[in-house]
Amino acid sequence: MKFMPHEVMPPAAGTPAPPMLELVNVWKRFGDGQAQTVAVSGVDLRIAKSEFVTLVGPSGCGKSTLFNMIAGLLPPDDDGSLLFGGAPQRDGQLLGKVSFMPQRDLLFPWRTVLDNAILALEVEGVPRKEARDRARAMLPEFGLAGFADHYPHQLSGGMRQRVALMRTFLFERDLLLLDEPFGALDALTRSRMQHWLLEIWARHRRTVLFITHDIDEAIVLGDRVLVMTARPGTVKSETVVDLPRPRDPSIVLSPEFIGLKQRLLAEIEEESRKTFAQEERAS
Amino acid sequence: MKFMPHEVMPPAAGTPAPPMLELVNVWKRFGDGQAQTVAVSGVDLRIAKSEFVTLVGPSGCGKSTLFNMIAGLLPPDDDGSLLFGGAPQRDGQLLGKVSFMPQRDLLFPWRTVLDNAILALEVEGVPRKEARDRARAMLPEFGLAGFADHYPHQLSGGMRQRVALMRTFLFERDLLLLDEPFGALDALTRSRMQHWLLEIWARHRRTVLFITHDIDEAIVLGDRVLVMTARPGTVKSETVVDLPRPRDPSIVLSPEFIGLKQRLLAEIEEESRKTFAQEERAS
Amino acid sequence: MSSPTQRMLRSPVLAFVGLAIVWEIAVHAFAPSPRYLPALSAIAQDAWSVWPQLMRGFGRTLLETVLGFAMGAVFGCLCGTVFTYSRWMERSVFPLFVVSQTVPVVAFGALIVIWFGNSLLAKVMTAFFLTFFPVTVNTLRGLKSCDPQRIALMKSFGAGRLVMFFKLAVPSALPQIMVGLRVAIGLSLIGSVVGEWFGETVGLGVMLMEAMNADLVLRLWVVMFACGLMGALLYGLLTFVERRLVWWRSES
Amino acid sequence: AEKVSLRLKWLAQAQFAGFYVAKAKGFYDQGGLDLTINPGGPNLNVETLVASGNDTFGLAGGTETVLLAREKGLPLVCIGVTVQTTPFTYVAYKDSGITQVKDFAGKKVATWFTGTQYTLYSMLASAGMKQGDLTIVPQSGSMAPFVEKQFDVAAATYYNELNVLKAQGLGDRLTLIKPDDYGVIVQQDTVLVSEKYRNEKPQQVQAFMNATIKGWKYALQNKKEAIDIVMAASPSLNRAHQEAMLDEFEKLVKAGKGTTDGILAIDLPTVEKMQAQLVGYKALKAPADLSKAYDPSFWTQVPATDKKF
Amino acid sequence: MVAKRKLSASPVVPVVLSVIVLLAVWEGAILLFRIPPFVLPSLGAIVQHAFTDTGRLMAALLATLGEALGGYALGSVLGLLVAVVLLLAPPLERVVMPLAVAVNAVPTVAYAPLFLIWFGLGAASKIALVALAVGFTMLVNALHGLKQADLAAVNLMRSFGAGPLKIVWRLRLPVAMPSVVTALRIGVPRSMIVAIVGEMLGAYAGLGRMIYESTQQVDLLSVWSAVLVASVASMVFYGVLVWIDQKLVWWR
């Protein structure tokens, strides 16, 4: 494991793959004047094809905002640019090219579990019956068997999150953006889902960008871990995780892992502390 | 640390305090016939005054449902009974006696951060100015300084959760029910909040019931850790955590802690596995 | 962000001016029978010829409309509230509201005069009669669609009915209530105009009747424009109030 | 002074000039009456308002309506009739070739179904035609469908619709087919009072009658001033239209008994004839006692100099 | 006991009760205040008259109902369509909404003469009038409902590559459904009334024509029975709508 200045392109999975996604000096400011919040400031970032990148950072530092911009939902400020497969992207051109799972589950209350799961497929024009069959087959893996015809208000928090996850996975795109997808899950369900995700990733070599607050998760899953600074959020450091794959759950006990974890923890805590310090000064 | 059959009253904090809350054979079933979901089945539980009890269990096992019943929001099925300070409680008599933080933040979109935080105080009839002053003073501690006048849609996921948390703390009641209050927070913010919660608890000796998916958190905070079984959820085991207080963050490295953690993890994983097994069979 | 010119360009004023010009040119070019479409300039001329009466009528009708609307709005909000919290009242009285709305007031000029005389009140009542129903229905819908989980939260704080109502139910329902009010303001104007047919001497409704009786097509258009203007003004005012009152973004 | 009110059958216009003039000139005040004139409107039933005591006097529909109202149990009496001949005619375009009722055969003929239809039926009967020989359609307040030639024939009052047509330059392109020419006369604009008021306050009724007749006479002798008074009552009216209306209305008021006996005379023989026709069309169940429905006693009391020109 | 319980829980009971109260007040007032039948006939007399004159009433009702239903359907569909179009083209909304507001503010009765010229005296003019009145209510309500969708949910749909139409169909319309239903409810009595008022001003057939002509001929019982028939028909129409609404509650 080593630290790299973030201008340098990390060697993803050994091969010199072309950057699938490139962010150059990306900014996002909300509001103006006194009340302005700079959510994202000067982010430079390169993600290679098939890379699994995890993103950690203090709460409110701008991670979700960054995701929204990559998904094409929020235009970045004019300063920088966002390239996908080498081509600069403007005005939501990325819409429909990225599987995006937002932080809030956003299930539609008038749709059953099954119909929420197939939402993206329906939008793509997959016949409803076929879409439902595909979704139904996935229910047990997500611990949702028997809940196909339940409505969101009849689900627990974690179950809702799993439905949102299914919905995202069924929308098969080369780039997956997952915003704290396992936040509301218990340890085993979480590790099951992680396992599942890694399997999908290994099988289809989809590129994954993954936000989490769980450092273990960030290290176990990622090829690289990005740490974001406190607001105005920018990329503080990139750490390549060169632990061998497939990674066994017991890897968390290995000294390399523990070393990595401590270093990353210290970094985040430094940033997180900054947020509170800043704010204590501000008030 | 030792295991106890859950009929036995645990010696809370050494003194034989009377049970503040007692659940006797509490059930909750949703729907009927084929589509019935038994969310909570035959839960017996005693919480002593000033105890800090953490609740863990697989996702969808009935934890939130149990909380809703204790908070008086959901009537338990007729089978059992729920006693508060020795008196049986019926038809929402508990409303207003318990500080309850639901799993979803439920902020009001038309209220600012500050006004969302003082909601409970307003309900109590505290003058708005006074309530605001009290809330404003707490903002930096919650990492929300400078966001007093923001609206919920302008906040990050973790910030929303912190506002909901403030709202709950400002509603000072003897019994605190917290449903995954720190789920969306980064490590440091999380441990800050934990610290804060323990301080409040120590100072005011409020009784706390706390749902989490983080075993470390469950052990670091709790006097007792309750593990719930897979749906239909009931209390599988109660584990008294007799680690000394105040507990330093470094306690997680102590062998007692690790032993406890491993045991609890195994239990939850067993239950979690059951859920998936059940469901794989069901489908 | 935007210069005054840009704002001008984007405001509907320009579109209306454009429409007016197209209208005028089209009438001159195709010369349709004025019964189908008179020239705008001719309408303006006719309006000028009765300007003082038009202004007086406008003021009178405006007064009736606003009073009737105010009564209908207050009554509608009250009834919508009562129906929300008393299922029994909703089931027993609400159907009567529906019945009342199926009665064509125009058919009962004599009864209106007998009950309310030849007064301002008579017109206010006809306006009221048309207004309260949409406000009631929308208030009812708005209050009922309140998020049950938020209700539960408020309950957990020990909120009583009144607190729950003012702190949660009303803000949740406000957007829907405003919709009811926007529909109602137009109806109120219709009510006061029709009310003026029952023995009134001043008002846009009276001018309308006179124009119809004497087949004064231009005058008909003048009155229509006056009504449209009044309605649009009141609606705009309401929208302005709404922006002040309902500024937050929906989060269902 | 006694507070009384008069309900008109329509909005203020020259058709009611006599009343407005009498009020403006203080004739009612002189008779000890403090009179308010209430305009009418569509769907505002004058008969109901007078019978219920809401208004003291009424200027209501035709002589036939008095009978219809009484048959329905409204305790009303007619004390004077303003229009001494049928105030409306049927009109057709000259180029349609229609000049008489017989030519209606196979045509689309519009008439008001407010009682006016019986006049048409009677005209048809007197020409030996059946209602099935032509298409009779209901006519609304507007003359637009006739102007647009959606109808071949339409009804028009001399004082209003006909003037509307003339104002549109159609005056010399029209043929009039007048009911009077077929012996069908329906007098209109009846002055009504409730039986109760007539019985209890005959002096006030007399005073009203005196003042009204004086007002009409003054109005017809000073038409320009009369129009001024009407315009003052409702300034948004079209003056030219009102002047034409009064000119035409003068003829109707002065027609028949209006000249021989005096303004507002009640022509009972004509009413009786009209009643027989209504009974024939089953609009009335049976002939009524006309002496109860029509009370000419007040009119009789008015000095001849006041009611005759 | 069981039967009794069922009865008191049934939604029909309060309705029946309130109708009985209404009738009692009606008949009681006639007796108490000696209201003469030409001011307020007894309900018995009205019903009796309705039965002796069924043929004429049913023919009139059929005509009115046809116009009301036709205009209602047309107006609702158009209102919804326009709402969707305006939602998709916000610049258009800034121009069209004020125009629609102004058009709606002009009393229906003021258009009636124009519509009678444009569309003739037959059903078409009434259908157009009803469509206009119902359409606006739908437009305002539907537009409001369509905008209620959570922006984050809209963004989610966009991230799936859903175009504006798909977002409308799969997200915004379901969210707008309660508002749409509210508009449909308000529209029912409105459609009948507007058809009737339109007929009063010119029609070949219908209850409105009957009411106008009967009033002029002092046949007040016919007026009342026509109004009664109109009310009953509206109630049935409304009831059917509520029934459908309750059948379709899947989204709640």
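By letter and in written order, the chains are A, B, C, D and E; residue numbering begins at 1 in each of them.
Here is the rule we go by: a residue touches a chain if its C-beta (ideal position, glycine included) is under 8 Å from a C-beta of that chain, and two chains touch if they have at least 3 such contacts.
Chain identities (UniProt): A, B = Aliphatic sulfonates import ATP-binding protein SsuB; C, E = Putative aliphatic sulfonates transport permease protein SsuC.
Computed from a predicted model, the values in this text were never measured in an experiment.
With contact taken as defined at the outset, chain B and chain E are each touched by A, C. Ranked by distance of CA centroids from chain A, the top chain is D. In this structure, the chain pairs C-E and D-E differ in their number of contacting C-beta pairs, and the larger number is found at C-E.
Centroids of chain C and chain E (each the mean of its C-alpha atoms) stand 17 Å apart. Averaged C-alpha coordinates put the centre of chain C at 38 Å from the centre of chain D. With centres set at the average Cα position, the gap from chain A to chain C is 50 Å. Residue positions 39, 113, 117, 150-153, 200-201, 211, 215 of chain E are each in touch with at least two other chains. The residues of chain D that reach two or more other chains are 42-43, 45, 48, 52, 141-142, 144, 148, listed in rising order. In chain C, the residues touching two or more other chains are 35, 106-107, 110, 114, 212, 249-252.
Those residues of chain A that touch chain B in the complex are listed here as 30, 35, 37, 56-65, 103-104, 139-140, 143-146, 149, 154-159, 162, 179-180, 183-190, 192, 213, 215, 265, 268-269, 272-273, 275-276, 278-280, 282-283. Within the complex formed with chain E, the chain C residues making contact are 10-12, 15-16, 19, 35-36, 88, 91-93, 95-96, 98-99, 101-104, 106-107, 110-111, 114, 133-134, 137-138, 141, 145, 175-176, 179, 182-183, 185-186, 189-190, 193-194, 205, 208, 212, 220, 223-224, 227-232, 234-236, 249-252. Contact residues on chain C toward chain D in their complex (touch as defined above): 35, 50, 52-54, 57, 106-110, 113-114, 118, 197-201, 206-207, 209-210, 212-216, 219.
If you check the complex, the residues on chain B that touch chain C are 68, 71-73, 92, 95-98, 100, 102, 104, 106, 108-110, 119-120, 122-124, 151-153, 171. Of all residues in chain E, those touching chain D in their complex are 36-39, 113, 116-117, 120-121, 200-204, 209, 211-213, 215-221.
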